[in-house]
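Right, I'll just put the structure down here and ask away after.
Chains here go by letter, A, B, C and D, matching the order in which they are written, and residues are numbered from 1 within each.
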Amino acid sequence: MKKLKRRLKYAMVGGGENSFIGPIHRMAVRLDDTADLIDGCYSHKDNWRDLIERVRGKVDFLTICTPNDSHYEIAKAALDADMHVFCEKPVSMNAKEALELQKLSLQKKKIIAVPFTYTGNAMIKLARDLVRKGVLGRICKVNIEYVQGSFRKIDPNEPTDARIAWKKDPLRSGPSCVTADIGVHAAALIEYTTGLQIESVLADISTFSKGTVLEDDASILMRLTSGAKASLVTSKVATGEENGVRIRIYGEKASCYWNQEDPNYLYVKYPFEPERIYKRNAPYIANLSPVAKRLSRIPAGHPEGFIEAFANIYSEFCATISGVRKGDFPDIGTGVMTMKFVDAVLKSARTGSRWVRL
Amino acid sequence: MKKLKRRLKYAMVGGGENSFIGPIHRMAVRLDDTADLIDGCYSHKDNWRDLIERVRGKVDFLTICTPNDSHYEIAKAALDADMHVFCEKPVSMNAKEALELQKLSLQKKKIIAVPFTYTGNAMIKLARDLVRKGVLGRICKVNIEYVQGSFRKIDPNEPTDARIAWKKDPLRSGPSCVTADIGVHAAALIEYTTGLQIESVLADISTFSKGTVLEDDASILMRLTSGAKASLVTSKVATGEENGVRIRIYGEKASCYWNQEDPNYLYVKYPFEPERIYKRNAPYIANLSPVAKRLSRIPAGHPEGFIEAFANIYSEFCATISGVRKGDFPDIGTGVMTMKFVDAVLKSARTGSRWVRL
Amino acid sequence: MKKLKRRLKYAMVGGGENSFIGPIHRMAVRLDDTADLIDGCYSHKDNWRDLIERVRGKVDFLTICTPNDSHYEIAKAALDADMHVFCEKPVSMNAKEALELQKLSLQKKKIIAVPFTYTGNAMIKLARDLVRKGVLGRICKVNIEYVQGSFRKIDPNEPTDARIAWKKDPLRSGPSCVTADIGVHAAALIEYTTGLQIESVLADISTFSKGTVLEDDASILMRLTSGAKASLVTSKVATGEENGVRIRIYGEKASCYWNQEDPNYLYVKYPFEPERIYKRNAPYIANLSPVAKRLSRIPAGHPEGFIEAFANIYSEFCATISGVRKGDFPDIGTGVMTMKFVDAVLKSARTGSRWVRL
Amino acid sequence: MKKLKRRLKYAMVGGGENSFIGPIHRMAVRLDDTADLIDGCYSHKDNWRDLIERVRGKVDFLTICTPNDSHYEIAKAALDADMHVFCEKPVSMNAKEALELQKLSLQKKKIIAVPFTYTGNAMIKLARDLVRKGVLGRICKVNIEYVQGSFRKIDPNEPTDARIAWKKDPLRSGPSCVTADIGVHAAALIEYTTGLQIESVLADISTFSKGTVLEDDASILMRLTSGAKASLVTSKVATGEENGVRIRIYGEKASCYWNQEDPNYLYVKYPFEPERIYKRNAPYIANLSPVAKRLSRIPAGHPEGFIEAFANIYSEFCATISGVRKGDFPDIGTGVMTMKFVDAVLKSARTGSRWVRL
């Protein structure tokens, strides 16, 4: 981790101590000493406008980790106040809002980073770079899962966990639950690793858990540019699953597999050679993927995890806004694509699983 | 393995020494000393009618492991000659033929076993029995892969492997390649383990390899009875995959995972308890699944593999036709269902991925 | 599996239906159709002399799977009756007896095979051949475990399992329990894979379970020829372990790992390259290890297990005695070495863990 | 992570940007915002006395990450200056020095923490607590490896990596290389998890790599209080290994397995029940091990790694010195024990592998 020229400053909306994601943002920033948190409104969203006034001109960026329904409005206000933005996914309630943010971002010349965390994992960087180098050959198929059992983890005798409750509420969460909450990570991973675009989607969605009208399970087929196909299963009712992000990418020459719960390894299979296990920060990584090397803090065999992947997004974002280098991180472009993806999934599901273009 | 009352006799059509599946049938039968092979025509299908005449009244059953296009005709002739039949999948070229075989099987009171091999694995028996006992609760979702890279394993300097070539030829293979060849195993596994039926399917199919007009890759969504959903990826172009059958079954209370390449273990996940690894023939198996116990030859920790699973189909079939007990093995019922599945997948693919009822 | 020129015949002493190992011998022989079992005395050892008389001149070999105390005597009688012998390990009660068998074997020009089963696994063949080819460089260290929990698996409310009871009895089992029963497999694996000899051993042994005066746990250090070292933990009280044979071989250039409970894979690690997973019967195996290829029945991805490894010992033994080829299997040489190993371990343990030469 | 009452301050000796361990200390402290680094001398040890004078009365503790030979002197000076100490292992060159530090620590009422990092892993806390609760029953045996291939990772065309060179030099490293550098972690893990003490050791050591007279490989047997035994293989020449810390603890009732390279899981095996996989921060952890819960930052399924384990040592140490609670971390007591362990291993090796009491 190269030191930045000057220390950055940031403020935060949402993400109090009891939230899941707020402390992760703060740990991620501290891990690499990327920026100093100088102010924040963590619990109620009423006073975020005051916060923005307070820190205008004093911070480099604003981190937004409120529930989904306020992302758009806060991000817009932050851009208007000439701050860069680090905004939780989904970046908005729909593609229209995301496109507006993108437009404003361009006008104001401010960057919106969106933490599609898994694109920050060093071994996902390696996968992307192996694809770019042609090691896998032309990509034909991607098979990806993002499954959680969180909606099955609610003790029936207990009131619903507040950290889950808002995700079931269309007013806070938007028109989609599982697709907008975690399916978007899968869409981002597919495009990031393959370098292809999702052209159209087809979906079958379900609501298996109680207390919500939103979809908590989805099976989604995709057609990618250049004729490749993808299949995604994403679920909040995958009982017993913790955070199962598993991606298999099949090319004409080789295929690779990555599992978020075992993130330091990338498995590559060949037709005529032994399978290989690539390891984060092993000696051969630097040549294959300079960014995977750059984003490793400690030697192979010393596991890095989720917080480190999250920190990678911040460190690349901060390197970019401080002018050190053009970083490798997901921005509003991915935010727009993933919202188009959500909109198309919902439209397909409403129309009997028709193919819908993004 | 209880000994049968009397030794059975059988003959074989197809499956010479150079075939993949023929030697497996013979090893499977010998492993448990289930029957004696007394005659066969292994290389050309021309003379199978002579064989049937020769062994009529002398064998208990006929094993058929020719390419797909002759299954129907040979099975029909064997039933007509009052033999039981052990016929490779797909049992026919389409559902219509399979239904005819089923009808004839009933008329002749002869059994047609079909080696959906993986339903013979002890840990799949256990999975089925855990579902039956309600351990997983109501089943919501099945996510299954059956992926091979065999069509990528052809050395470009070599003529195509003869064991693969016929699978690419619609005249030998029928109207479907990957779905009929291995997708049917997935369909059989879904119905066997969950006890639910596949009501309708939706498919997106592709042909990525050269030298065939048939589909070598398919993404298939399913709706099961009782509202459950399933997703299947099946492929012959999954570069580097050997024989990747991986099934995840999600219920309201628990989920389970099984991987054919690691077949002695069943992984069960719960919301509030540690994941459990059930092991073939461990002391607790007998109570949970008498059939999983019965079909284990050696102690836990001593791996059994593919041949043993195959032998389980034979031993249950032979126990049945010799009147020892009603065995637990896939018969023409599963044969019919899987051919309806293939027909529906092809129809869905032809109509822009519409939902098609089986 | 090449067919033998003529069918072999064999008889068996010990190994009735209720024994663990008897049925495995019979399944292993049948799997490859190696020989026909024509006679046997399975339950009492009293009449084995009658059996030998009965089958003298009619069988090619005698299989011995009685408890340890009778191996020597029966093997001797079989050799005297001009039969080849396939004798369970430990081949005798001590090295002296094993040496006598070796001498007699030479005199009579009859072969004694000893099923050090794991040396029959295709991936162990591959490991041996990678070492021979210099892929691992000079071998420095071997770390091996052979651990079982069988002595912890006795229901306290039940009489001890008869299949375990005799192993605790010095009259049947001999002066060593765990070392002679399973430690010998480890010794055989070390010498087989590395091509080095065990020069001296040092041991610390314990008796943790009730009902025996014999050692049920041992930690053994070894010095091998050429300066390499080895460490072995072997136990019958490794609670919860099934049949944990795990070997790690470290050379100057690379290392390899094999786990009997996952036997179709060999993991090879390098300093500057990704770890490789070699798979049984993958396309690259034939060049690296012709014998690993020869001893594979079915394609990669279709698991073979313990019975298959056992059958490999028989098929190589039978190929040898029928003159087809000089097979690759453990014979009385390994039998003698392993009994010297047992004697040396016991002597070291008695003398306060001194180094003892084999 | 509960916030401390007031912010702590610390300074650092050694551990510049190019060192392996220095940045880890700083990341670990920042991750949980445990303390502020206010001063340090990172590159030369000459001026550490000046540093201590400079920060005397201004810091709560001094972190020492110089090479081994200066630990004792610097720690002594820091205690004399009334600072708590966080000192890298091995805490000294021999047991005598460690005992002096312990004495001085008591006199000055200052704490010396020693980062036996792996005792900071949440799943090692759980293992310790399962043992304490009697889940494993009386402990009989521990089998542990700590193997690295770092001495094989030196490109023959390159000058030796400076981060490795000093470890080979007896003047900087002390009389032991692999035992003092990583074997001590194993000794600490054994005592921490089992609650037993190492009474005596027996060792066979080797020097396989060039450029050093110190041992780079050791096989060590141990006798623990209450009659349990342990076996350790530790190596710097385990080619291809990254940081292989693998521990298996066998009790009368159950056993457990933990692998540092897969640190979020603890595998527990039983004689009559399925194996269980305990997961960091799963819902059932809080009851079994409050400290494992306390030291988890993010939900199960979101991996934590090496830096997080390291941070756990700091956070417990800081909680202790700031009076928040009595923390759970390795202190000079473990430092003394591990140096006695090193001394005894060397003595045993010098005397032909005799048993030597600690």
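As a working rule, a contact is a pair of C-beta atoms (placed from the backbone, for glycine too) under 8 Å apart; a residue touches a chain by one contact, two chains touch by 3 or more.
Given the structure is predicted, the values throughout are model-derived calculations rather than measurements.
Chain centres were defined as the mean of their Cα atoms; on that basis the chain farthest from chain A turns out to be C.
Of the two chain pairs examined here, A-D and A-C, the one linked by more C-beta pairs in contact is A-D. Chain centres here are Cα averages; for chain C and chain D they lie 39 Å apart.
Separating the CA-averaged centres of chain A and chain C is a span of 52 Å. Rounded to whole angstrom, the centroid-to-centroid distance between chain A and chain D, based on C-alpha atoms, equals 35 Å.
Contact of a single residue of chain C with at least two other chains is seen at positions 153, 241, 268, 271-272, 275, 279, 282-283. Chain D makes touch with chain B in their complex at residues 268, 271-279, 282-284.
Against chain A, in their complex, chain D makes its touches with residues 20, 23-24, 26-27, 30-33, 148, 153, 241-244, 260-264, 279, 282-283, 297-308. Residues of chain D that touch chain C in their complex: 136-137, 140-141, 143, 145, 147, 149, 152-153, 155, 202, 204, 206, 208, 217, 219, 221, 223, 227, 229, 231, 233, 235, 237-241, 248, 250-255, 268-272, 275, 352-355.
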